[in-house]
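Both of the next two complexes hold chain A, though its partner changes from chain B to chain C.
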Partner chain A sequence: MARSAKAVPWFLFAAGGTVIAFILPVMIFITGIAPAIGLFGDALSYETMHAFVGNWLIKLILLGIIVLAAWHAAHRLRVCAHDFGIRADGAVSIVVYGLAAIASAATVVALLMI
Partner chain B sequence: MSERQIELEVLRYRPEMDDKPFFQTYSVPCQEEWVVLDALNYVKDEMDRTLSYRWSCHMFVCGSCGMAINGEPKLACKAFLRDYQTKIRIEPLSNFPIERDLVIVQDDFIEKLESVKPYIIPKQEKPIDQGEYLQTPAQLKAYKQYSMCINCLLCYSACPQYALEEKFIGPAALALAHRYNMDSRDVGRSAREHVVASHDGIWACSFVGACSQVCPKDVDPAGAIQQVKFTSAVDYLTSFLPGGKR
Partner chain C sequence: MSRKPYHREVSKTTWFLKQSRYQHYMLHEISSVFVAIYVGVLIVGLFRLAQGPEAWSGWLAAVTSPIGVIFHILVFIFSIIHTTSWFKAVPQAMRIQRGEEIVPGNLIIGAHYGVWAVVSVVVLLVAGVA
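Entry: the complex of A and B
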């Protein structure tokens, strides 16, 4: 039996899991819920946020969070498909990791355009 | 001591005479402090000598009396009657073929256990007159928990991945591989790697964690597999660096 290449997506999955558990809930609160209920006043206005994300360090951090979360979700869906009895791991992998790759590329493009 | 009448619904299957498994009910006069194994022994001694099941130590050491009690994988010697209602359903461990009544065929597990080389592979064989291998308390602690496994197979019975994928090496064998990998006297990690880190090894585990929930010895096979995933993933990635082990 050969060593499995599953180590690579698993690393992204594990890192993404940590990011999702610790950072994503706070991100959702700060960018989604807090402005909606009027917290922080103008600090979260479009102009302020746009300038904030324009910083290269912030771009890099955002890239890390979004890309890792996407690969985590992809690997989770691959495992779910197996659990649901879908016996086509190759095809499922191509679809879910393909989507994660597209999401990663789109994130890079979006961040570069800011 | 109070006595209680328990209805035991036991799955019977004797391949030479039964077309398919069926439930047989025994009404057993039980003492309050009995475990399920005591009730089965009462049936065997006083009511029906044809009933077959494995047991030996009656004290969660031998790992022989694993069975599904009300659908949950348990050691019959550790399942106290006071925790159950009047009716108790007893079946052989799921995910294994039935040999006879509550006895399962263990061959698949034994083969997998052998495949992970569950013994110390020393750097150099030491003659007995040179004395013991010494270990610090910290070195002992690194693997002791995983060495508590009694091969009772409750974890295989609880594992949804093993149910789906028969080739999966499974919780106990992988936890035992980890036990030897973590032992300071052992240098066999790379000899186990081709099984442990294969597609049917740790990577078939999706970390459901049922194995650790049912383990009667608190081995935590799911935790062991997660740790092996990390070290194996590091091994895999560094193998592509210059000087990495291929």
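Entry: the complex of A and C
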């Protein structure tokens, strides 16, 4: 059956769901809420962030988090589309997985530029 | 021979509003929309960081603008909805056996919350913000 072909997306979905469950709330707090309330201002300065993200280990970790989050969200958005009555699963799959692929490639490019 | 089959009228777009179980399910599913947008914001941030100090401060200004703050508060709430509902489902996906006994679900969920707290503190320390 077609079951075996589903192992890869299923793994990405499960791994992504687990990784973002643990890491995303604190990441959103650091990048999205902390700067607004002026907490730890210096940690997000250009020099500090550039040096921090410039570290290869941090780059790899960030890449892992972003790629897994993108693929997890893509799979979930596909289900979401179905739940909202959109039955064109083929077209939806191309759009959501295509976006995840573009996001993954863009992350690699951005990280290589830093 | 066959009678006219009974078709219950179910809306394709609002079916989940009638039961709280379905509402929770949809809340969890919709969290993916916010996660996807947040991933996009992060990737833009990485490009801005690569482009130099001015581009980076522009990104920070956008993030700390009123719309940026409202968006991030929403993403934060939805990310916590994702975390709690994901942890809730773990015992169903993962059955751990110790000897004869199957480890109770609440213990597994509790361990996840513990790890979550540790991970959050470690990330805060590594990012140099705590």
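Criterion: the second predicted complex is superposed on the first by the 110 of 114 C-alpha atoms of A that agree within 3 Å, B and C clash if a C-alpha of one lies under 4 Å from a C-alpha of the other, contacts with A are read in each partner's own complex, and residues count from 1 in each chain.
We take it that a residue touches a chain if its C-beta (ideal position, glycine included) is under 8 Å from a C-beta of that chain, and two chains touch if they have at least 3 such contacts.
If you're wondering where the values come from, they're calculated on a predicted model, not measured in any experiment.
Colleague: Between chain B and chain C, which one contacts more residues of chain A in the superposed model?
Modeller: For chain A, the partner with the higher number of touched residues is C.
Colleague: Looking at the overlay, does A:Val79 come into contact with chain B only (first), chain C only (second), both, or neither?
Modeller: both
Colleague: Given the touch rule stated above, what does A:Ala34 touch, chain B (first), chain C (second), both, or neither?
Modeller: second
Colleague: Could you tell me if A:Gly90 is touching chain B, chain C, both of them or neither one (first, second, both, neither)?
Modeller: Once the two structures are laid over each other on A, A:Gly90 reaches no partner at all.
Colleague: Determine, under the contact definition given at the top, whether A:Ile66 touches first (chain B), second (chain C), both, or neither.
Modeller: It touches chain C, and chain B stays clear.
Colleague: Name the residues of chain A shared by its contacts with chain B and its contacts with chain C.
Modeller: Correct list for chain A: 14, 79, 83, 85.
Colleague: Quick one: in the complex, what on chain A touches chain C?
Modeller: Listed in rising order, the residues are 14, 17-18, 20-36, 39-40, 43-44, 46, 48-50, 52-53, 62, 66, 69-70, 72-74, 76-77, 79-80, 83-85, 99, 103, 106-107, 110-111, 113-114.
Colleague: Once bound in the complex, which stretches of chain B touch chain A?
Modeller: 160, 164, 193-195, 197-201, 203, 206, 229-230, 232-233, 235-237, 239
Colleague: State the interface residues of chain A toward chain B in the complex, per the touch definition above.
Modeller: Touching chain B from chain A are residues 1-8, 10-11, 14, 79, 82-83, 85.
Colleague: Okay, in this complex, where on chain C does chain A touch?
Modeller: Those in contact with chain A are residues 12-13, 16, 26, 29-33, 35-36, 38-43, 45-47, 49-50, 52-53, 56-57, 60, 63-64, 68-69, 71-73, 75-76, 79-80, 82-83, 86-87, 93, 112, 115-116, 119-120, 123-124, 127-130.
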